[in-house]
């Protein structure tokens, strides 16, 4: 798979500097690219690396031309154009357009003729699969599911009953959608299961990583908005609603009925408690512990970062006495106000 | 699926107020229910919502009748009775009672005639499946497993060898039970694997969420007590023992050989270190970091909550100096004691 | 499965004390072993338990003989020799050496005649499987994968295309390797997918737990070094490189392009941010929040441990005012320096 610079420029609608007939065999990072590869520079932090790159060509901003004398593609957004360029080097397996003989497809399921169903997949009754859908090997689609045009599921995905996926979604391997929410009422005889009568609705152009679990709602549906992207191992509880174009990174967890706005980013291992409302354009840092609703857009974080263990242990013990420490400081302040020492210098 | 109020009342053994022939078509939350739906009020915090609800009928405490003039079911425990009512609206797929032709069942396996085995499932040698067991599509049951009456496994579940599940359990999709515990001895040649010779014993009426992993023991068994409920993505290491009716929420993790008492609740993303003993009726907050045994029942928490990032960053840096700060406060206290300022007001 | 002490001693190359013809039927912990079982004592902390053990025989250090009068195997490293002894009691299912009729094997795949392929597995085109490989039930191996000698995959594992696994690896159930890294460029139209053009390379003697997800690289490969051990639910993002003999415990997460050195240990639920460099022999504590590169070997930790909830809540609130508290302490210090009180006793 190789392209001339001219072909790439035409595809990306960018201006070429240098020999447009030059052949590009692939993409690589700025500091790793060889003379036959295309790279990109998306941040002025890397202008040093740009100057020293061995790449065959670079996607860069017009104003950085002075740092690079070789072949270039001029872009107002090099990172986005790099993302677009990756699609010219797509080496992923393609759907066969066939239904494998070992797949089990219920006679009542309605599949567009263009649907691919790989080996060992199981399609339940009353399922609707639109044009271009690709059901990977050993995927299980429960009764009544509806899947939109061009959506792909990688091997081992499980959809429970009545899940709907929009068009052009990509669901990675071993992810579960529509499992029962974690709902139980306490009783003297132990936990009494609350049947989860809601469903899961996934919008269009949603990507969900590997080994995720997205539960169906107890009473109202769990809803994943259009354009949402979800990394591996993310846990979405029952009744959660995620606004369009939000992003959740690896191992993030969202508890029941929490509503996340649009264009939010939730970093890795962050956890959101139940029944919260998170505004649009909220960004939560890694391992963030979100226990309150957030009304204002912006960046939020919690926790502390690692230190050498001995130092940390001393600090962590002091944390356990922090309220007491604050009271000791208040006492000192009172003492100084009451005492003979001048009170100037007080405060912030 | 619809029921008259009278039918529901009879099923739940509750008193009806209002027209008992009224038809209920489903369940919904207090603030979302329509005139054909039944809802519930379980907390006096929601009495305002109750007064304004459009629901067709409400399960409520007798003492809250003044807040609601419509049809009602009087209950001493509305949340529990709501949980019970969900079972009247069960819309889940039912087991077929058949063994699918594509399932692979070892001739030495003993299956009650009422067992359902769905497409692509694999049942190993010397497996025993009791009456009413439902093996979902593509489930793999390893050699020697024993599964009690009425237990159901959703698609993609994997049981390694010699796992025992009690009766009336529900195991969600893509969960693994009986995988090797993480046991290795260090050596000059690297990690030397310790074979995990124990098993996993799961009690009766246990529910385990999607994409969980429960490891077999190294020497003694991993044991999940009766009535335990486990959410998605929970990690249970080798040799852990969990007492009856305890609950573990999403992405909680329990390290090797830790023993959890009865009726404990472990919130989402909490982590328990290895070889701890947790008493009965202990409740751990979200992302709790449990590194010590807990001898007393009660509520425990750790960590800090999110703040706007700039504020947080300043506080987090101070945490790294917390021991030093405490020593500075001690120095001030000494100084004031030694000096001319009166010492009253000191301390707690 | 039973062995005489003499047989075990010969296998482990250890000296026997006591009746070498004594029969050992299994292994157990020091405080649980019966008279027919072998146990071990690996730490002087347990010398009390040793003295009171009912075990039939003990692997112990020669210098601890005074604490144990029964049969013994003398070892310079009892824990390692215990690990080696577990392999004498291996009760795991064995590979059949057959290819199950229900497995789907692409005609272009090259399988050594000794390969085992269990029921429902799917082997894609141009796959190479070396001698002794064991493909568990319902495993899916994508096009172009290469698997080294003796490597085993438990049921439900999914390998995307072009993944390479070394020899003598063990991959546990429902783990995904080679899924797309979480790479998207922001645009005015939402997230634009960056195709993940790299691969995953797993070394020799690597063990990966159940329900893990290891993503393929965006441009360069994700690389897991020889002898690395990985617990359940671990998330390895695109382009991560892990040095030989490092260990990652349950639910640890490593973000994109981070490089971990050799012989590191990452405890449970720890999270490493992206693009970090972690030196050799670094040890991160449980739930560690690693946001900076680490240049020096050693032990690191972050976070705080659980406290009773009321105490914790007071401390956690004070954390949110910690910077202010530090400034108040500084003010007090200034005040005392400026004032009439003597300045001795100040500081560290």
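Labels A, B and C are assigned to the chains in the order they are written; within every chain, residues are numbered from 1.
One rule holds for everything that comes next: a residue touches a chain if its C-beta (ideal position, glycine included) is under 8 Å from a C-beta of that chain, and two chains touch if they have at least 3 such contacts.
These figures come from a predicted structure and were not determined experimentally.
Student: Can you report the angle of the rotation that maps chain A onto chain C, using C-alpha atoms only, to the nearest 5 degrees?
Tutor: So the angle, rounded to a multiple of 5, is 120 degrees.
Student: With touch defined as above, tell me whether chain B and chain C contact each other through largely the same residue numbers, more than half shared, or through different ones.
Tutor: Mostly different residues form this interface, as fewer than half of the numbers used are common to both chains.
Student: Find the geometric centre of each of chain B and chain C from their Cα atoms only, then give the gap between the two centres in Å, rounded to an integer.
Tutor: That gives a centre separation of 25 Å.
Student: Pull out every residue in chain A that's touching 2 or more other chains.
Tutor: Touching at least two other chains: 102, 120, 138, 156, 174, 211, 233, 251, 269, 287, 303-305, 307, 319, 321-322, 325, 329, 332, 336, 340-341.
Student: For chain A, which residues are in contact with chain B within the complex?
Tutor: So the residues of chain A in touch with chain B come to 102, 104, 120, 122, 124, 138, 140, 142-143, 156, 158, 160-162, 174-176, 179-180, 182-187, 190-195, 197, 211-213, 215, 218-220, 233, 235, 237, 251, 253, 255, 269, 271, 273, 284-285, 287-292, 294, 298-305, 307, 311, 314-315, 317-319, 321-322, 324-325, 327-329, 331-332, 334-336, 338-341.
Student: Which positions of chain C touch chain B when the two form their complex?
Tutor: That would be residues 26-29, 32, 77, 79-80, 82-84, 86-87, 89-93, 100, 102, 118-120, 136-138, 154-156, 170, 172-174, 205, 207, 209-211, 226-227, 229, 231-233, 244-245, 247, 249-251, 268-269, 286-287, 303-310, 312-313, 316, 319-323, 325-326, 329, 332-333, 336, 340-348 of chain C.
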